[in-house]
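Right, one structure below, let's go through it.
Here the chain labels run A, B, C, D and E in written order, and each chain numbers its own residues starting at 1.
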Amino acid sequence: AYAETLTIATVNNGDMIRMQGLTDDFTEKTGHEVEWVTLEENVLRQRVTQDIATQGGQFDIMTIGMYEAPIWASNDWLVALDDLSEDYDADDILPAMRDGLSYEGTLYAAPFYGESSMIMYRTDLMEAAGLEMPDAPTWDFVKEAAIAMTDKDNEIYGVCLRGKAGWGENMAFLTAMSNSFGARWFDEDWNAQFDSEAWANTLTFYLDLMEQAGPPGASTNGFNENLALFQQGKCGMWIDATVAASFVTNPDDSTVADKVDFALAPDMGKGPRGNWLWAWALAIPAGTEKEGAAKEFIEWATSKEYIELVAENEGWANVPPGARTSLYENENYKDIPFAQMTLDSINSANPLQPTVDPVPYQGVQFVAIPEFAGIGTQVGQEFSAALAGQQTAEEALEKAQALTTDEMEAAGY
Amino acid sequence: MATQHSRSAARIMMAPAVILLLGWMLIPLTMTLVFSFKKYLPMRGGDLGWVGFENYVRFVTSSAFWPAVGTTLVIVGGVLVITVVFGVLLAMLLDQPMWGQGIVRLLVIAPFFVMPTVSALVWKNMFMDPVNGLLAHLWKFFGAQPVEWLSDASMTSIIMIVSWQWLPFATLILLTAIQSLDSEQLEAAEMDGAKPLSRFGYIILPHLARAITIVVLIQTIFLLSIFAEIFVTTQGSFGTRTLTYLIFQRVLESQNVGLGSAGGVYAIILANIVAIFLMRIVGKNLDA
Amino acid sequence: MGRITLDKVSKSFGEVEVIPPLDLTIDDGEFVVFVGPSGCGKSTLLRLIAGLEDVSGGEIRIDKQPATHLPPAKRGLAMVFQSYALYPHMSVKKNIAFPMKMAGIPEAEQERKIADAAAALNLTDYLDRRPGQLSGGQRQRVAIGRAIVREPAAFLFDEPLSNLDAALRVGMRMEISELHKKLATTMIYVTHDQVEAMTMADKIVVLRAGVIEQVGSPLELYREPRNLFVAGFIGSPKMNLVTGAGDLMQGAATIGVRPEHTAASKTEGRWKGVVGVSEHLGSDTFLHVHETGLAETVTVRVGGEFDANHGDTVYLTPEEDKIHRFDGEGLRIA
Amino acid sequence: MGRITLDKVSKSFGEVEVIPPLDLTIDDGEFVVFVGPSGCGKSTLLRLIAGLEDVSGGEIRIDKQPATHLPPAKRGLAMVFQSYALYPHMSVKKNIAFPMKMAGIPEAEQERKIADAAAALNLTDYLDRRPGQLSGGQRQRVAIGRAIVREPAAFLFDEPLSNLDAALRVGMRMEISELHKKLATTMIYVTHDQVEAMTMADKIVVLRAGVIEQVGSPLELYREPRNLFVAGFIGSPKMNLVTGAGDLMQGAATIGVRPEHTAASKTEGRWKGVVGVSEHLGSDTFLHVHETGLAETVTVRVGGEFDANHGDTVYLTPEEDKIHRFDGEGLRIA
Amino acid sequence: MARAVTTQRKTINTIFAWAVGLLIFFPILWTILTSFKTEATAIADPPVFLFFDWTLENYAVVQERSNYMRFLWNSVIIAGGSTILGVIIAVPAAWSMAFVPSKRTKDILLWMLSTKMLPAVGVLYPIYLLFIKLGILDTRVGLVVVMMLINLPIIVWMLYTYFKEIPGEILEAARMDGASLREEIIHVLTPMAVPGIASTILLNFILAWNEAFWTLNLTAAKAAPLTAFIASYSSPEGLFYAKLSAASVMAIAPILVMGWFSQKQLVRGLTFGAVK
């Protein structure tokens, strides 16, 4: 194969940035050049969706998530990744990840890194509050602890949670949380369920918790804002992506690196925990002329060797987590404080049966239907407005119910 | 002036610009119109056939429609009012004799060069962030509870950001206009016994009418389609969803091209209503 | 009512002294014209009187009251600007009403005064128009109307006619003169057109570089210019200033003869020359005569019937008693 | 070389006929002036000749060649515009060279012609300046220089002096006259200043509303105006047109007496009146006399020594052989 | 003839104007300062203004991560190309409108302006499809054309207002002097309108430079300008104020400096014929 130039769309997360820096290794090995299109998450989603839906063919590889993979695969927009080489060891991919990135049993996107969510908390504050975090806490404990840790005068807030509107922002958290409260998005006939009591409980609990123990301006906080707050020592607890663990424990950036510990996301004793499952994965749009080279890249970027390459250059704490079983069996990785908790969290999520009651969709913190991105964001905006105190929980739910019904109707359900 | 020869030459020379713009307008417009009468869902196989006016009905009856129209008008109106009022004041100030006028002008003009995306990012993160933002620090310094700008005062914030970007434009046009005022007119008014405030009201402001019209026209054109500022800051939440943003959500987030296209047609209609309204005033004012 | 006194008034812009200390008295009811070449400080002087510029030194008194530090509006003067300075967005009526509105004069009285002014200035039909819809002369009248309604102690005009075309200028000139006759208010009028100065003034003030060269009635200036500058400035066409005219010099360095005081003949005369251009106006003919050995061109005015063409030889004879004589410094020899 | 013939030439703008069909012949070498009030179609007529407007009907011939449909550049005419229309971004030299450059004339010849023109027009020192750095008169000369180098069959001037101030206007007027004498090229000159017309023209064409009222030499027009319009238009100050002057009428509806053909006396005369404004120019005095019962104002020119003031009674006596008589239609009675 | 002003008044004006000027400029100043801080200093509480350890680290990081020069170059090409192309097309059109006006001239002008009101999001889909068909997605040519079309109405309008100020007599003089229409435009009209054309170019260059919707949506790697560059810094994981500032400064600095140097022309031109 002669040398190609691959155009790769990716998100501007730390692991991907690191991958960009290591591209030379790939070029050296294969001769192919790489052009990076690095975009902020929202922009990226919009760009790649636009391009795939119109068969624009601008990218040879796209970075997509668990949400897109099955939907796009069902439209035959992606190249199946069922013929990867032996060396690659596709079976090493964590089963939860594999399930989420497959459509009808075939893998369509290779996970670059995977994550779930968990509780990160400040051991010193917890101690000061006279409490002890169990490995698998309940929501009620979280609330109690949060209120106990809060000290608004010193800008210490018991819990930092996502509030910024967006299906991948507050709705990721709230949907996962609602699962543990026994709620669901749709019943088996695709009827929206925001008028259910379970949802009312979820939202009321969330708003109450944030009111009592959340930071100001929570309704515009996403992952990044919360990360910054936590690193500055302003949060007692933070329930968010497992990848954040490496940031909050990095003493270069974090003022509290040595006072952090982890726990599983809380539950309500109904079965599901309030954690999600996500992977950023690399996929090849159907119709690209550079399929061969693109596969070579995917194999390189999601391989065991790549993990070792990163470990070599940046240390084990910075390798892309959550994708491969072998990583968690690696001796070097076992020392990493958050490794085990990450794995446990991932394993405790079930994308195929996320809720207490049966549902017609798959996806833990999202609903894997094309309409969800639009609906999720709009619902997220209603909930965000409720968090900002601009409307009550009832109003928010009412609007969410109406607009979801509306959109689903428009889409022909 | 004009002979037959020059008139036909004129027609030929107009042609490229007119044809290009006609193409630029008609081709996408036609496609948008076609899509708007279809059920067009790229995620579900693309073109799913004609549906008549269903998209149009759905778009206006959606609960988001009228608030979006309202939001659009409030933002446009708010920014216009702020930029014109402060633009006039600032222009008057800059017209006064002072030291370093050139440098002050450079400072004032600077925001105009900043990309909307950048300005939205900077404002959102470094100023309006309720914890780390500079404004929050300022509020705390004075012992006040920091404002949660982008949620509690979302519209104000967006209007503020956009106004900051457009204020230089308004100021500069108005400044040039003020400088073109015949100083003898002001002196005449002074001789006639007009106090400074009267001079402003009776002489300066009417003189600026034309320039204000231009500011309003040009800004409206650009403001009707502001997008980056909202995309970056609130993503349409907290009541900042403009019509443009609503269409964006329909087309790109929900991937419902038919519905979005219908929205696009509404937006074009709205823009043209505003345009006709404006053109009437401007047309008159430009002749004078 | 309108006596204006300048006492050692001077004005500098930064380093530059535009007007050295200067004394001048303008009597009540007088029509005073400031003339002088461009940049000599006419406008500046007028603006000092108006209060639109602060004096650098000296005192201004209006009706014996010190006015040096009064703001313009308080001096009771009205000014008509060169550009008219009408308010373009107001109708004629509103323009005229503006100073009264500012003074808070009751509506009814305003109406009456506007009507009077409009009648006096032939503006009644145009009251609802905007300045932009008026001709130059009409605009000029509006500007005057706006001044009149204030019943000022004095009117100040800064080259009010220089934007008008020749024919209109003559008409407006007379209108202003008649207005002065009618109102008998002090008027100070700036121009650099000496015909305007001559025809309108009771008293002309000739300025050069901020210095008063001569003050006097038009005919005084015409008949006895105090120096070469005034001699050359007053009179149209210009006085012929010649040197080396033999025994006519009588010890003077330069002598001056006006075109209208020189006779021309085809056959005989004191000076011989060749006609360059002859301008036939019907009523008069101006001959521009070259090669006289006195000056490059000597201009003479002859009757409309005198027939001389390019290249003809003519003989010129000055009227000896109308000859002006100047010494080496350019000062008139009495 | 420069004979221009208009044959039933007419022009309409849309519905409005600005110039009804009109015949005119301009002979080679003639200096023809178009005069008339503003808006009468002078510029339009000139532009039709230049080819800057299409005729609506009729034929234009230049040197017997049909030129009606030739583009401006092909007609061999040069035009000097009211605003000079110099190219502000080019030096004087480039301005003058421009038409030659367009015609593809070799550099060397261009240089020679520029030098000649500059010498003739006193522009040699300014060749490298931009128009913006020149005075009004100099600009005017550059515009003429640009016209001269093309050696046109005729020069067209559209009010070339109206942007200059009075003094300069007189100077430039003479320069153009002298240029005409030197080049002997046909010149067509538009003005609405009748003094210019009188002093410069070989032939004056008086226009009113696009119609030729009279064509003739300046003195013909002055002495025998064909109708009231021409009578009122030619001569400065205007001819006094009066009615009801008793036996002087001799059957005419209106008679005209020029100010310079009327004598004034303090003691006796044919008409009695009261002096309104008297304008003292030194050389002459113009009396504007009211209450004569003949016309609102009768203007007379008297000597500079005649002393009459506002309100004085004067007696006027017209020179009988200089009286012009017009019938009810306003036409001259021979 | 401006009035002489007292020093006291001038001082008050100066203080006031500088205060306002600095206030307006402050967000940019703050961004520039922040770009020289470490991430930790960037969010220090209370904020530090001038006295911190200045570092160039952020610029190094940004430069290392993205090929800044390529984004910059694309911005220059797209903004410059579209503006120049627009001017070339607009000059004849503006000539026609200004010097051979007809009854419909004003209507055409206003219609042109109204095409600017076409909401971009509404027609993104059609345009995208069109670009795929034409094979000009992610090419500079494609963007140059789009940006040109977007700004063409403004360019035509601005040129029209400048041309209208040029007395028609000068063009007629050129015609009399034997210039053809082309020569008339090239040798006389264009040079005379240079200040106007310069400010038209400037303004449209800025508008094209800052346009963020089309440039982002129609490019991937090859033709991506600085608007795409900034989209990769807007909110990464972790602390990012300093890096965001550095990237922002890099994105706006070229245009800011250019704008400052040419502000006289720009200001003169910005009036859209609003000022006679």
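By our rule, a residue touches a chain if its C-beta (ideal position, glycine included) is under 8 Å from a C-beta of that chain, and two chains touch if they have at least 3 such contacts.
Molecules present, by chain and UniProt name: B = Sugar ABC transporter permease; C, D = ABC transporter ATP-binding protein; E = Carbohydrate ABC transporter permease.
Treat the numbers as computed from the prediction; the structure is a model and nothing was measured.
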item	value
Minimum number of chain-to-chain contact steps, chain A to chain B	1
Chain-chain pair with the highest tally of contacting C-beta pairs	B-E
Cα superposition of chain C on its sequence copy chain D - rotation in ° rounded to nearest 5	175
Chain C-chain D separation of Cα centroids, rounded to whole Å	26
Centroid spacing, where centroids are CA-atom means, of chain B and chain C in whole angstrom	55
Where chain C and chain E are represented by their mean Cα positions, the distance between them in whole Å	53
Inter-chain centre distance, chain B versus chain E - centres from mean C-alpha coordinates, in Å	16
Chain A residues counted as touching two or more neighbouring chains	46, 50, 54, 228, 232
Multi-chain contact residues (two or more partners), chain E	1, 3, 43, 124-125, 129, 172, 231, 234-235
Junction residues of chain C - those touching two or more other chains	52
Chain B partner contacts - residues on chain E that touch it in the complex	1-3, 5, 9-10, 13-14, 16-18, 20-22, 24-25, 27-28, 30-31, 34, 43, 45-47, 89-90, 92-93, 95-97, 99-100, 102, 106, 108, 110, 112-127, 129-130, 149, 152-154, 156, 168, 172, 181, 206, 209-210, 212-213, 226-227, 230-231, 234-235, 241, 244-245, 248, 251-252, 255-256, 259-260, 263, 266-268, 270-276
Residue ranges of chain E in contact with chain D within the complex	167, 169-170, 172-179, 183, 187-188, 191-192, 194
Touching residues (chain side chain B, partner chain C) in the complex	182, 184-185, 187-195, 198, 202-203, 206-207, 209, 288
Complex interface listing, chain D residues touching chain B	47, 51-54, 71
In the complex with chain A, residue positions of chain B that touch it	39, 41-45, 58, 62-64, 129-132, 145-146, 148-152, 231, 234-239, 241, 249-250, 252-256, 259
